[in-house]
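Below are structures written as structure tokens.
Look for subunit A in each of the two complexes below; its partner is subunit B in the first and subunit C in the second.
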Partner chain A sequence: MELFLVAMAMLLTGAVASIVATRAPKIATVCGVAGAVGGCLTGLAPTLRVLAGGDRLESRFGWDAAHGLIRLEIDPLGAFFLAPVFVLGAIAAIYGGEYLFAYRHEKRLGAPWFFYNLFLAGMATVVAARTAVVFLTAWEIMSIAAFFLVTFEHEKPETRRAGWVYLVAAHLGVACLIGMFMLLGSRSGSFESAWEGLDFSALARTAANPPYATLIFLLAIAGFGAKAGFVPFHVWLPEAHPAAPSHVSALMSGVMIKLGIYGLLRILTMLGDPALWWGPALATLGVAGATAGVALAIEQRDIKRVLAYSSMENIGLITTALGVALWGAAARLPLVAAVATTAVFVHIWNHAIMKGLMFLAAGSALHGSGTKDLEKLGGLLKRMPLTGGLMIVGGVAMAALPPLNGFIGKWLIYVSLFRGGIAVAGTRGSIALLAAGALALIGGLAAIAFVRLLGIALLGSPRSEAAAHAHESPLAMTVPLAVLAVLCVIAAILPAQIVQTIAPAIDQARGIAAGQTAIEIAKAGAAPASLGYFNFCAIVLFLGGFAATIVILRVRGIARGSTWGCGYARPTSRMSYTASSFAELPADHATPRFFRPKESRRGFEGPFPAADEYASSVPDPISERLYEPFFSSWADRFARFRILQQGNIHIYLLYILIVVTAALAWVSTRIPRGGS
Partner chain B sequence: MAEWLDPLLILALALNFGALGVSRIRAVVNVVAAQGILLGVLPLFLHGGIGIRGFLLVATTVGLKGFGIPALLLHAMREVEIRHEVNPVIGFMSSLLLGAVGTGLAIVFARTLPLAPEHANTLIVPASLATVWTGFLMLTLRRKAIMQVLGYLLLENGVFIFGLLALEATPFLVEVGVLLDLFTGVFVMGIIIHHISREFSSTSMDRLSELKE
Partner chain C sequence: MHAIVHNLIHIAVVLIAPPLLVGVINKVKAFFAGRTGPPLLQPYYDIIKLFQKGSVISETTTWVFLAGPPIALSTAILVSLLIPAAGSAAPISFEGDLILAAYLLGLGRFFTALAAMDTGSSFEGMGASREVTFACLAEPAFFLGLATTAKLTGSLSLSGMFGPELASHWSSAGASLALVFVGWFIVALAENSRIPFDDPNTHLELTMIHEVMVLDHGGPALGMILYGASIKLFVFAALLVRLATPIATRLPIVDWLIFGVGILGVAALIGVIESATARLRLSHIPVLLVAACLLCGFGLILLAR
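Moving on, here comes the complex of A and B:
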């Protein structure tokens, strides 16, 4: 545990050192990266020890100010979430060192590195915290640091808007969490010991009775869901992820949103047996989120927006699996619960790796070509072969297709749904089977979304000058990509070993004896070892075929022509598919009507028509139809209070004086008798 | 020792009226400084045995409230060359009257509070409320920015007196909290006064309404 504290100290030292050296971009970058990488590697040691051995590490300190206690602990569940924080944190830091250095002439680099290290320390402490006060403090540090990272390019109005939306969402979420902990604390004993009662182990001992447990569960879904991006709390995701620097988006999407799932899991371990309806409710929320996410991902023009919506989809899948797991636990179907919980955990790690890879690759494309607009990209594979090739690995994984790791979690969800559907007769069983169908549709749409992303960005001929002059990124940016791609392949080949490694965390989350999950998974016929062999063979076959093709082409010689020329004499990129036209078919026929893009067209008139105009836009339907009317109507109402704003400080002070006096007078009439 | 507490608090109340009643800024600064010194030594009378740490805290409080901050303010006055009249919104007589009404209300209100028996018979709570009230009056009824700082100091003195209640439980926290708050307040206000006087060549708060959007 001392090593964990040393890691936190290294992160903070790196943070402070980089802000001190902010005038020298090179030193600030070195300090920031060194602090982040050193802290992450140091923190990884105790994390791996807990994952390998399954024992817990703990440390506690008295604290004068915060009512008693700081208790930090690494248990298997925590170690499971710490691992991606540290691994992705270190990889993204190395990448970010190069990525941010390009801004050195325009901006000071101390602040982003300060907040990056603070962000990592906040996330790690969220996972290690074992008292509510420390948890909420770390949660807030994480959120605020992320806000400052998102608003790095604050001179752009859309970035300021993204930061604002994110900040509001984060604070509405944390308000729910504070309420949730207060409720948990109020159930855990007398008022005097309430502060010590906010220790997690004391909270876990409370047997919360049904109405309270339900309220706590709902508050946890709203509070943690705001961070994780559950529908309809997801609106900050597609704003904040594109606005943030790419290594930060990778970390936010790969790790931070998963901490919402972590919080939910942690609270669920405290609430005891779930009610029967919790699981189906959560699964419905998950399917809705996944559908919305993938439907909107297909239509976006901005690469990073596509990825953000895809994160929403994957969080939806994880939530679905969690819902199935809760349902399995409540309905006494241990096999279903075992497989579904394993799906949650496996997909969290896999998504962290592959979404990290995709965001970093998108950042590299942005770095090399200067744009992240799909309509302006094209032909990048020729100009940025390394980034492009690694992006294909990430894209295949993200599409959840068999040879790579994205498929494993999904396969486990299918197994759990089929198991549940077969085990339970009647309506509930058929709903589970229907959910499997819905997931298949979502999977198909995700595959289209990533075929579109890769095809439009990487293949064909460039659609703009910027894309035509794209250049490959330096090694400091491509090597982290390669590391993540290798991790993707390893996770695809060795799923059985990974499940074995994380089994203690799964056992802890389900609140059952150690080793139980492994037995149940084997019994359910869901042991992913065979999937690993299959993936290995498929990858070998593909690489062999690829090598053979190259050799044959070399031997035969290649006739060079223009890309996708289709036999025309002078083909241009205007003749090829655009990102929007590619999305047209699935968007018009396969996605729910609610999520379709808005189109406007002037059309042809008269015998000699003028040039036609066509525009389409894809606003987030939930933020456009739900939040914006709501907030703007309240803004109008509050505008009436403008009359109070007189611009004279004496009048403001008078307001305070009047309120304080009135409050005191009111209190004194409420207290029946003075003295003792 | 405890029998000295109430007379000292009455003295502090009298200094409140002094702060409202005098017309020269320098005199107000002196009054507030005197109140700071008085409050700084109050912990000595509160409970008999006081360790080396307590003594250090008393010394810091007296040093900051009685000498450091007033010196800073007098320096700021010289620096920006403001005129030495208080320049009130309403007259001194009315201010004093309002102060007296507030003090009376504070005593009445303190009686209604459910206090611990060892605090119920002291003047701590009424004195604290009355000082906060006086600080507020000064903030509302005086025009010059420097008087706002002084009003803020009085307000903090009131909070400090209230903190005496919690002194036995968490002495360090109370005092450090109060001192830190105070110091930041004065620091910020000092900077603001300086900048305003440079930008607008006036430190009268009335002129600030030009900044309203």
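Moving on, here comes the complex of A and C:
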């Protein structure tokens, strides 16, 4: 555990050092990256020890004040979430060192590195915290550091808007969390024992009391869901992810949103046996989120917005699996629960790797060509062969296709749904099987989103000067991508070993004896080992087939020509298909009407029509139709309170006096007479 | 020993037989049109001829263009090894392989579409968009059909689901299975770009779906695409045959005979449909695919009594 504290100290040292050296961009970058990488590698040691050994590391200290206990602990569940924080944190730091350095003439680099290291330390502490006070403090540090990272390019109005939306969403979420912990604390009566009353173990003892458990569960969904990006709390994702620097987006999307899932899992371990309706409710929420995310991903023009919505889809899938797991646990179907919980955990790691890869690759495309607008990209694979090739690996994984790792989690979710549907007779079983059909539609849509992303951005001919002059990234930006791509392949061919590694965490999350999950998975007939072996053979077959094709084509002779255009010999990039045209057919026929793009068209009028005008946009429907009317109407009402804001310091002092007097008066009435 | 022989026969059949299906379909269509038609083995001659040709490759393309055909062919072959053929289990079979089969076909489509977009051609981008959209709508129908058979047999492996276990359920849940059969037949027509979804013989780029994606491929690459497409057709035909006749006698020869007759029957049926119907307007295709989803969904719901 000391190593964990050393790691936190290294992160903070790096943070402070880089802000001190902010006038020297090189030194600030070196300090920031060194602190982050050193801290992450140091922190990885205790994490791996817990994952390998299944034991727990703990440290307690604190000060003599109410709720002053500070307890940190690494248990298998925590170690499972710490691993991506540290692995992706270090990889993204190396990438970010090069990526941010391009801004050195316009911006000071001290602040982003300060907040980057603080962000990492915050995330790690969220996972290790074992008292509500420490947890909420770390949660706030994480959220606020992320806010400053998102607003790195604050001179752009859309970035300021993104930062604002994110900040509001994060704080509405944390408000729910504070309420949740207060409810937990008041139920357990643990506010009374002042020093360690809000320790998780104290909260867990008395949490499972049905009406309150339900309320706590709902607050946890709202509070943690705001961070994870559950529908309808997802609206900050598509704003914040594109605005943030790419290495930060990778970390936010790969790791931070998963901490919402972590929080939910942690609270669920405290709540004891789930009610029968929790699982189906959560699964419904997950399917809705996945559908909304993937439907909106298809239509976006900004690469990073596509990826942000795809994160929402994957969080939806993870939530679905979690819902199936809760249902399995409540309905006494241990096999279903085992497979579904495994799906949750496996997909969290896999999504962290592949989404990290995709965001970093998108960042390289932006770095190399200066744009992330799909309609202006094209032909990047020729100009950035290594980055482009690695992005294709990430895209296949993200589309959840075999033989890569994205498929493993999805496969487990399907198996759990099928197993549940077969085991339970009647309507409930059929609903589980119909959900598998919904998942198939979501999978098909995800494939469309990534065919479009890869096909438009990387292939064909460049659609703008910027894309035509794109350049390959330096090694410090390609090597992190390559590492992540290799991890994707390894995770695809060794799923059984990964399941074995994370089995202690799964057992802990399910609240069952260690080793039980492994037995149940074997019984359920879900065979990750067979799938891994198949993936390996398939990869070999594909590479062999590709090599053989090239040999055959060479032997038979290859001539070069231009693309077929019905005989037209000089095709230009303006003749190639656009991202919006590609999205039109699936958006019109395969997605819910609610999520389709808004189009405006002037149309032709009169006998001598002028030129027509056409515009289409894809605003987030929930943000546009739900939140914006709501918040703007309340903003109008609150505007009446402007009268209180006179901008004169004397008036504010008067307010303070009035409030303090009123508070004292209120308190004095409540103290019993003659009491101590 | 018996298993090895069976697997060898299985591999030989799925590698050799598929182009014959295309020949049968063409013969049936020629019969209805009152023509003699090309020889039954013409698809073989075409593929062999294509493998002997050189190719012209667009300067816009990258390695992705060349990776499309072999990956599409490899995925089709891999899926054909997961599908039970006659009576016994498939050469590769494990719990959960039904999902793998569907997603492998998805991988082949993914790379075919990427190869099409690699040419930078408007036509091929359009074709890619159509192909992935219609496949996405066909996917739920396929999965709901799988769910129905899985629910009945309690197995998550294609070999178990379409094995003798299923035969006993035709009497008790025949309505469900018949609905799934019809739904899957529609899916098979859509996935293999047959009329009424797509016309493999059309010559106008704007009306094509699958063909327009492979316009720029030629020579051995086109040969691989045609061969892979025929294997895919065989896979769907095999699934339909196994769904309709999931029987296993003690005599492998009889099993193979039933299977072979069934496969040729499916091909002939496709030929009849292609002769008797016109292709649909593009905007009506999703409606038919949703109908297939509903059929398979009803099949599933009927089981929930």
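Here, the second predicted complex is superposed on the first by the 607 of 676 C-alpha atoms of A that agree within 3 Å, B and C clash if a C-alpha of one lies under 4 Å from a C-alpha of the other, contacts with A are read in each partner's own complex, and residues count from 1 in each chain.
The rule is simple: contacts are C-beta pairs under 8 Å (C-beta built on N, C-alpha and C of every residue); 3 or more make two chains touch, one makes a residue touch a chain.
Bear in mind the structure is a predicted one, so any value in this text is a computation, not a measurement.
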| item | value |
| --- | --- |
| First (subunit B), second (subunit C), both or neither touched by A:M182 | neither |
| Which of subunit B and subunit C A:A204 touches, first, second, both or neither | neither |
| Which superposed partner A:A24 touches (first subunit B, second subunit C, both, neither) | neither |
| Which superposed partner A:L401 touches (first subunit B, second subunit C, both, neither) | second |
| First (subunit B), second (subunit C), both or neither touched by A:F542 | second |
| Residue contacts with subunit A in the superposition, subunit B compared against subunit C | C |
| Touching partner for A:L664 - first (subunit B), second (subunit C), both, neither | first |
| Subunit B versus subunit C as contact partner of A:L653, first or second or both or neither | first |
| Parts of subunit A lying in touch with subunit B, wherever the complex brings them together | 64-65, 645-650, 653-654, 656-657, 660-661, 664-665, 667-668, 671, 673-676 |
| Residues on subunit A engaged by subunit C in the complex (per definition of touch) | 378-379, 381-382, 392, 396, 399-403, 407, 410-411, 414-415, 418-419, 421-422, 425-427, 429-430, 433-434, 436-441, 443-445, 447-448, 450-452, 454-456, 458-461, 524-527, 530-531, 534, 538, 541-542, 545-546, 548-550, 552-553, 556-566, 571, 573, 575-577, 581-586, 589-590 |
| Subunit A contact footprint on subunit B (complex, rising order) | 89, 105, 108-117, 120, 129, 136-137, 139-141, 148, 170, 172-173, 205-206, 208-213 |
| Partner subunit A, residues of subunit C touching it in the complex | 51-62, 64, 66-67, 69-71, 73-74, 78, 92, 94-96, 99-100, 102-104, 106-107, 109-110, 113-114, 116-126, 128-130, 132-133, 135-137, 139-140, 142-144, 147-148, 150-151, 154, 156, 205, 215-216, 219-221, 224, 283, 286, 293, 296-297, 300-301, 303-304 |
